[in-house]
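Next come two complexes built around chain A: one with chain B, the other with chain C.
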Partner chain A sequence: MPQAGHDEGAPVVSTPLLALLYGFILLTAAVAVFLEDLLSSFISLSVMGVLMATVFALLRAPDVALTQAIINSGLVTSLLLVAYSQTRKTPRPPEICAECAPWLRWRIPALVCGLLAALLFRGFLSLAAGRPLGTASSHFLSATLRDTGGMNVVGAILLDYRAFDTLGETTVIFAAVSGVSLLLSGGRQVHSGYGLSFIVKRGMALLTPFILLYAASIILLGHLTPGGGFQGGSVFATVAILMCVVYGTGFEASRISSKSKETLEAGGALLFVFIGLIGLAWGGGFLANLAGPFFPGTPGSLFSGGNMLLLNLAVGLKVGAGLSSIFYAMIKILELEDEP
Partner chain B sequence: MITMSFVTAALLFALGLFTVLTRRNAFKTVIGLTLMESAVLLLLISWAYVPDGWAPILPLKGPGADPLPHALTLTAIVIGACDIALAFAFIMKLNRFEKTVDVDRFRRLRG
Partner chain C sequence: MTWAAVRFLGGLCIAGGVFFSFAAVVAILRFPDVYTRLHGSAKALSGGGILILLGALPFTGSISGALKLLLIALFFAVSNPMASHAIARACRRRDMMKEPRW
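Our next item is the complex of A and B:
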């Protein structure tokens, strides 16, 4: 975060750099679409996610950049690789439809998509002219410190002004976890292999405390710096995935059972609702922060921003446990019940 | 400069739609959905960008970028990841019954 020495205004975003990044984003997206080899297109997609995170950081959205880097290019890629490895024995279908008429194969779709791109761009241009900030946005920018005691405006919107929406979002995560577990139920946990080599295992053992520290700092400082429960929880889930890759599938599952992950996830949701009910009991309304019994604290210190620290903790528990149980549900081997 | 972002977003969305329309591999369909999602995220963030603005972290030294689309985008990323995980679960389940990942060959889904 730039702090001192720039009183004359924000540093200008370099246009050539942005153009280069956009060029590479389009290139990697095209590679991901048109390459025959699925593994290469997944890696290309992951590279596109990292480039996109860089663009977000340049466009002054550090929270979004962090989320994009951790979730979209880290976690989603690992889920892609798991799904790919589970289906690798099935033959690859031909890339495009061989039976349909030649003009239907790519010409008509390309024409439609080209037209759509032109129309979309025409519509987007009307957004471009320097618009004033909306009333709500300028209120959030000017009043966050007074209303919530937090320093991270995006985190304050997510956990104070619109905390109820965040509760809904965690419900969506819960629905996704339930859906994945339900769809992939009946498989068995495979105890495949002994993981990677000794050197990688020792290296991972040295790295793990630091990754966990990073995740904890993202969660606990979510009300002060970019980050929060979603990002930190995803880093925790990434640690579980790394453990599974490095030490073999049985290692982490034997220490933290899926039952305890479910308990953690439900505990996160219950903690969130419980904090909301405290505000209600105090008379400030559901999920009330400073109107409830919480203190703003000294701005910039760890214990400030009222209940946002606790809410970040609840969201972190929920997201970390939820995403790692999605991963562990997906690596189970599915067996065909009605196999002839 | 922001016009460049809009061009990229429009092209990415069209590329994603093209993928969904023409590719037969179910994984490629998911890739197309991811591309369309990225285009929407890029559009929202470019819309929130304010020239010479600062990131919305207090204390601000000047005009700040619009924090409201940032919060929306953050939510969209997390929910998009959950969607994609669910799509993979569907692909794996269908692959188990049909022994293919070709979207034209999922015969039991035909009405």
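Our next item is the complex of A and C:
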């Protein structure tokens, strides 16, 4: 493997390794589509998430790799499992022939997928033939520290250049939480299991402080190292989910009430908008960072990068509280028949 | 002991970890029921993962990197038996032996 630090755009990872990983990603995706058993499909999807995280980490995009690993392999799989246990299992409709090849069974999806793949390949070819790739990235790599004072270029793009988009993304999570709560709150009986065995409870208690510390470090150092509010908030939500599973939902609700989750989520959104309004009041525009009242600080120290630390905190509060309340709303109607 | 010998030991650990992971895959595919398969799959992490992490220690190049690897190995050593125990207990409570699915 060639060393990092030479000219940009050159491959950092050996191509055969990447090709092998891409092949495995395609294989797991195909397995997830064509398996009859839904649970095995979930496991295959989870493996695909891990492989994609590996590819992102190899291609030097650790922020995306973190998100991919946490969201796709952890949260999405657990949400799918809850949804699976909540839905009725309907048998296959009889008019579909089980003996046919898969592309004959699903003609229209196969057609759509083929068309989409052709379009994407066409776009890729035109990109490769035309202007050189990587002009925007080299601009951001050289200008980010001067413009924002943050060391993490991806975090700076998300929270400074594209902060308004990030506000929109957090609003999407708010909409998802509202929808799930609305759908699942219909006056059902709240069951709570007693959780798993004593060994797992004690082990979880041993690990929880370290997971919380990790989440806090991802959020607070988001402008310096890979990570940020979204990733750290997802790790916080993972802690809440683990508590639901290990100790039972009743315990989780008694420790972190859903009222306080709502308060934290709304507080995160309010903090984000408030920081934006400070920039507006200063005359630098909505969500202005260095053009507003925020100072760049020493590069590499905790208090640097202007408002990015506060914005990471706001996004972390919002994502952590939002994802954990989605999971709580979904799992609280499960009956876990496990004795103490 | 010279540096090359330490690296050779690291490589040996990684080879052992690969062997354990391979053996775990064979066990999951070939063993007859839930509990024996669980017994095999636990080796993928507690044998394979930890050995590979220990073998990667001489190749990190910094003390902080090596410490991180040791912490991850410790995390595996705590969490993997816990997870296997939880799965085995859930299988026993739901009487997975009474309906052999494979």
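In this text, the second predicted complex is superposed on the first by the 271 of 340 C-alpha atoms of A that agree within 3 Å, B and C clash if a C-alpha of one lies under 4 Å from a C-alpha of the other, contacts with A are read in each partner's own complex, and residues count from 1 in each chain.
Simple rule for what comes next: contacts are C-beta pairs under 8 Å (C-beta built on N, C-alpha and C of every residue); 3 or more make two chains touch, one makes a residue touch a chain.
From a predicted model like this one, the values you see are computed outputs, not experimental measurements.
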Touching partner for A:Leu207 - first (chain B), second (chain C), both, neither: second
Which of chain B and chain C A:Phe230 touches, first, second, both or neither: first
Chain A residues touched - chain C or chain B, whichever exceeds: B
Contacts of A:Ala216 with chain B and chain C, given as first, second, both or neither: neither
Which of chain B and chain C A:Leu27 touches, first, second, both or neither: neither
Touched partner set for A:Ala61, first chain B, second chain C, both or neither: first
Which superposed partner A:Ile199 touches (first chain B, second chain C, both, neither): second
Touching residues on chain A, where the partner in the complex is chain C: 196-197, 199-200, 203-204, 206-207, 210, 338
Residue ranges of chain B in contact with chain A within the complex: 1-15, 17-19, 21-25, 27-28, 30-32, 34-35, 38, 41-43, 45-68, 70-71, 73-75, 77-86, 88-93, 95-97, 99-102, 104-105
Residue ranges of chain C in contact with chain A within the complex: 75, 78-79, 82, 85-86, 89, 93
In the complex with chain B, residue positions of chain A that touch it: 1-2, 6-7, 9-10, 12-13, 15, 18-19, 22, 25-26, 29-30, 32-33, 38, 41-42, 45, 48-49, 52, 55-56, 59-64, 67-68, 71-72, 75-76, 79-80, 82-84, 86-87, 90-97, 105-106, 109-110, 112-114, 116-118, 120-121, 124-125, 127-128, 130, 133-134, 136-137, 140-141, 144-145, 151-154, 157-158, 162, 165-166, 169, 172-173, 175-176, 179-180, 183-184, 225-226, 230, 299, 319, 323, 326, 329-330, 334, 336
